[in-house]
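Data block below; observations after.
Chain IDs A, B, C and D follow the sequence of writing; residue 1 opens each chain.
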Amino acid sequence: MFNSNKMRNALVAAMATLTLSSPVLANEQPIKVGMMLPFSGVYGALGDATRNGLKMALREQAAQLHGRKLEFIEIDTEARPERAPEIASSLLNNSEADFIIGPVHSGVAMGMLKVLRGKETVMIVPNAGAGPVTGPLCSPNVFRTSFSSWQPSYPMGKVALDKGYKKVVTMSWNYGMGKESLDAFEESFTAGGGEVVKKILVPFPKTEFQAYLSEIASINPDAVFVFFAGGGAVKFVKDYDALGLKGKIPLLGSGFLTEGTLEAQGPAAEGVMTTLHYADTLDNELNKAFRTSYKAEFGKASDIYAVQGYDTGLMIASAVNQLGGDISDQQALIKALGETTVKSPRGDFTFSAAHNPVQNIYLRTVENGENKVIEVAAPALADPARGCKL
Amino acid sequence: MLFNKRTERIFFWVFFPLALLMPLFLAENTFFVSKLTSIMIFALFVMSLDYLVGRCGLITLGHAMFYGLGGYLFWMIAPEYEAVNFWVYTFYICMIAAAVALIIGFLVLRTSGIYMIMITLAFAQMAFYFFSDSIEFGGTDGLFIYVKPETSIFGLSFFDLDNPTHFYYLCLLSLFNTLIFFRILIRSRFGRVVDAIHENPGRTTALGYNIFVFRLMSYVIASALGAYAGYLFTLQYGFVNPSMLAWTTSGSALVMSILGGMGSIYGAILGTFVYEGLHYVLEHLTEHWMLFMGALIIAMVMVFKNGIAGSMEKLLEKRT
Amino acid sequence: MTTSLFLVQLINGLQYGLLLFLIASGLTLVFGVMGILNLAHGSMYMVGAYLVWYFVEHTGSFGLSALISAVIALLIGILMERTLIRQLYRRNHLDQVLLTIGMIFVFNALQGLLWGNDPLGVAVPSALSSAIPVTDVLEYPVYRIFVALFCVGIAALMYFMINKTRLGMLIRAGESNREMVECLGIDIRKLYTIVFAIGVMLAAIAGVAAAPMSSIVPGMGEHILITCFVVVVIGGMGSIKGAFIAALLVGLVDTFASILVPQLSSMMIYILMAFILLIKPQGLFSS
Amino acid sequence: MNTQVSLDLKVMLETQGLCKYWGGLKALDDISLQFFDKQLHGIVGPNGAGKSTLLNLLCGHYKPTRGSILHKEEAIEAIKPYAFARRGIGRSFQKTNIYPGATCLENCCVAVQRRMGGSFNILRSRYTQKVLDEIASEALEKVGLGARRDVVASQISYGEQRQLEIAMVLATSPEVLLLDEPMAGMGHEESQLIIELLKTLRREYCIVLVEHDMDAVFELSDQLTVMVDGQHLTTGSVDQVRDDPRVKEAYLGQGDEVF
């Protein structure tokens, strides 16, 4: 936590100047923000980006915090689900965090949820898309600022139909998020008369795609829809190009296929079409400002994970502001959070009853190493939140 | 005497009284009670591995299979909304795990050395993918378990598993029992043959022992206890996940066991507490905890020739 | 499955197998000669990939970067052997396991510190960037064929080195009898340093070769390590010939299992290994 | 000093056309021998004659390529290695083969316990069975290690370790003793101890002795077999063998100075 110490000192200094001018000292205790993110291993990049975004937002919104100082507690989950309950319990009972932010990995989300559901703290999921989090396992104190895995993939079915694709092969890793994404696509695609001719589930985290791609080539479908993320997405897109499928069979994907990976994918990603709740080139002031300052501060382009972290920060700041800095009443805090309209780089969004974002899903394509927005594929799309009683 | 080494007795009389009193100091902080509980659960698991690797010379990289199995078995056999008895299910789970171990042991124990390491790994990976690929078992997201067993024996209930302190004492008791059990086992006539097989398998065969049967029995015992540890882990937070069966779980258990001092049994507790303690301190200190953890492990291999227990014994035992 | 698809999958399997051989060969060499179980072998695969990425970013030339990376890996190997591995020859396998696991932690941490966690990619060198059309849709990239041939070349070179050169003779002698080599007036420690460094370099070269056709990500070493061990064990620990055949076997089984029995494909190589070890408890070609 | 073989002696162990091939190498070829109860049967021959191979076959350590082994007229070549010991066939090894980390007593206890049972008892202490200790101590006394019973085996001298190994075999209370060069690497005095020991043992057990020390073999054997290159050369009383010209030739051919 060397970084966070530095960060904390900077914040303390900033706060000090602010508090001098603010008339009310609402609460002397700092707001404790616990982070359960992967900072090493396969998901490390996602954890880094989320943290960067979150801290950036809270620094920018410092004025809204009513003089409350911030304290960050950051723990590397190593994306190991079996450790999740313990770390969550550490943040809850030992650090007594006011907010627990995390995780990236759906399995970890389930482990955290087991401990944090209905507890005296607010859990905000900045990435993991596992359906149950805002579905059957939803809870008043659990929010999600990212997406449910259903959301980004569902609109793609309609897009594919509009393009005239009838027979599609779908493919992803054989795990929760992947399967939920393929199901969501299939739901809208088959409803409109399309046919999924083959569904390929690759064992996670295998990245030897050649055999599968050869098979797809022999099927020669109208298009291919995939869910992959991170390193696997890089490898997949490169293989797809190297084996000559690109340009012959259109590649569609859940937007994570081209998030945080474009530099590594290089020209292989050009023209890949995806749906997601964000796009690099979204034409709004917030997004431009966000991208510029992110790049300036961290030396690399921002991606969806950074945006999700950023929005989490915005959400916290706005709720704290609304409550005048006093977050001791959990009911009030949950109400404030739930009613927040987050003015996000991805466009304004609100929260559903199940505490999942109601947001636009954009159709994007990769152009010159950027996710360029084509159109809004589904405006203000809400997750059906199946099984949630909230 | 159950503990024939001075170091062992000192450890015993320091650790258990301290562990017994610990919750009194930590009453304020339920997290540390839970943290210590989970370390003890893992120490129990490491201990069963230590018996297998250190006492029987059977090196396995698939022990986590039973750890995970303990968790999943409970989910499979426990009714969803009825109260179940902790002891009864302990018995069920250990028995089923033992039966599985009997079959797998029968196959893997034909090999030895590095080949055995790999074939145990192979079975563990199969089990891992079995659980992580199947929707019925929750896939990679794992499963929630809502049942909390009650712990009454003949109508008397000593532990309330919803209370972290009670659960702590249950796990401490389990760890204590396992340590005593292994000490009795090692001192027994069965233990004599196990020692003999470890030291000189060829000689032991020539004396007329069917060493395969002794190895198989040891494998079954250790596996059943490994499953018991997994069952306790599952009960602690009511959560099972295939990552419990991952080879990295076996790997870290092996590291803790070597660190503690192979074959010393009580070293398993030392190794687990030192490793987990360092991990906890380092990960709260720096996000680059891996660098320091790695360096410390390397340093410890260099310094402690026979693990922590071995080095302590060198210091504390009288020369004969 | 049509004949053409079958042939394509056959090539896929062979190509994957050959790459596996390249990674596994160093592991089996080090184990065979020195009896050292190097779990950090996968980390060197990762280091190779990151190094070549780093130098390509700075020099722009893949060939040059590959060369520099191989040399650096060789030096890392010598350093590792001289400072740490050497202390453990007289200790048991388990201490070696512990030491090399410690090294995995260190390498992973260094990777995070030096290069961050973002997935990285290296472009295929332009001279090899074309592709050969196979069917209407499918092409086969020249670079992948080149890598496959390169792996065959390395296998041939190792065969030649072990069977025909003085170093190879010493290696073979060292495998069976340590004292004998010492009687010949050879400093066995020097031999060990060389062998270990070569093993490390082979892993790094595999990382270099794989870099343009895969993604360079944290943890890439651990995943490949297990597959590598499967290969080495099926082939028989210490046998280069065994590793070669086992690698092709694993490559083919994995490829065809993905297509023919997708439900079992994740377990297939482990089923294969368990099956082979139950029949031949010492692997296919144990020495 | 050699007793003639009396014809009414019981055949304890018998081999019929026993062969052991390693690939093309005939380590042992067509050996048919009889070993009698309460007799000492010496086996000699130059290096590589197949003596140790024969013992390894007799104790079940190797499986024969062809041929059979009869113990009390029952074919036993197919049974498991450990079952040989249970039938009362005990052996000592050419290279000392003991439990170096345990005391001499404990070494013998492992041997005794096999017979006494209770090896699957995981609860009762190994130290509570007095009769087991007594039998083990007896075996130690017999080989002259009574004073060393509580010393760790790795701490005693090499000669004593060889004695301990014989004690371990005796502790299994065997009918057949297969001894593989029990005097190898010993000084004269230590050898003498073993010779005296064998003299007392040879009227109690069926002993098969492979030994390089010719004086000792001649002194002890009731029957003597000479083997060369895996082949049986001759079997007979010591005097018969000593006068056999083929034996001299075989040894001279090898350049070994024996007689």
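Keep in mind that, in the parts below, a contact is a pair of C-beta atoms (placed from the backbone, for glycine too) under 8 Å apart; a residue touches a chain by one contact, two chains touch by 3 or more.
The chain list, named the UniProt way, goes like this: B = Amino acid/amide ABC transporter membrane protein 2, HAAT family; C = Amino acid/amide ABC transporter membrane protein 1, HAAT family; D = Amino acid/amide ABC transporter ATP-binding protein 1, HAAT family.
None of these values were measured; they are calculated from a predicted model.
Enquirer: Could you name all chains that are in contact with chain A and with chain D at the same time?
Expert: B
Enquirer: If I average the Cα coordinates per chain and compare with the overall Cα mean, which chain comes out closest?
Expert: B
Enquirer: Return the chain whose centre of C-alpha atoms lies at maximal distance from the corresponding centre of chain C.
Expert: If we average the C-alpha coordinates per chain, D ends up farthest from chain C.
Enquirer: Distance between chain A and chain B based on Cα centroids, please, to the nearest Å.
Expert: 37
Enquirer: If you average the Cα atoms of chain C and of chain D to get two centres, how far apart are those centres in Å?
Expert: Computed value for the inter-centroid distance: 49 Å.
Enquirer: Just how far, in Å, is the C-alpha centre of chain C from the one of chain B?
Expert: Chain B and chain C have C-alpha centres separated by 33 Å.
Enquirer: Going by the touch rule set out above, which residues of chain B reach two or more other chains?
Expert: 129, 133, 248, 289-290
Enquirer: Where does chain C touch two or more other chains at once, residue-wise?
Expert: 108-109, 112, 266
Enquirer: Which chain D residues sit where two or more other chains touch them?
Expert: Residues: none.
Enquirer: Among all the chains shown, which pairs meet the touch rule set out at the top?
Expert: Listed in label order, the chain pairs in contact are A-B, A-C, B-C, B-D.
Enquirer: Quick one: which bits of chain A touch chain C in the complex? Just the residue numbers, please.
Expert: 39-42, 44-45, 47-48, 174, 200-203, 205-208, 210-215, 217-218, 220, 230-235, 238-239, 242-245, 248-249, 260-261, 263-266, 300
Enquirer: Quick check on the complex: what are the chain D residues that touch chain B?
Expert: 59, 61, 80-86, 90-91, 93, 97-102, 106, 109-111, 113-115, 118-127, 129, 168, 172
Enquirer: Going by the contact rule at the top, pick out the chain C residues touching chain B in the complex.
Expert: So the residues of chain C touching chain B come out as 37, 84, 87-88, 91, 93-95, 97-99, 101-110, 112-113, 222, 226, 229-230, 233, 237, 263, 266-267, 270-271, 273-274, 277-278, 281-283.
Enquirer: What residues of chain B sit close enough to touch chain A in their complex?
Expert: For this pair, the touching residues of chain B are 29-32, 34-35, 38, 129, 132-133, 135, 138-142, 144, 233, 236-239, 241, 243-244, 248-249, 283-287, 289-290.
Enquirer: Please name which positions on chain B make contact with chain D in the complex.
Expert: Against chain D, chain B makes touches at 184-185, 187-193, 195-196, 199-200, 202-211, 214, 217, 221.
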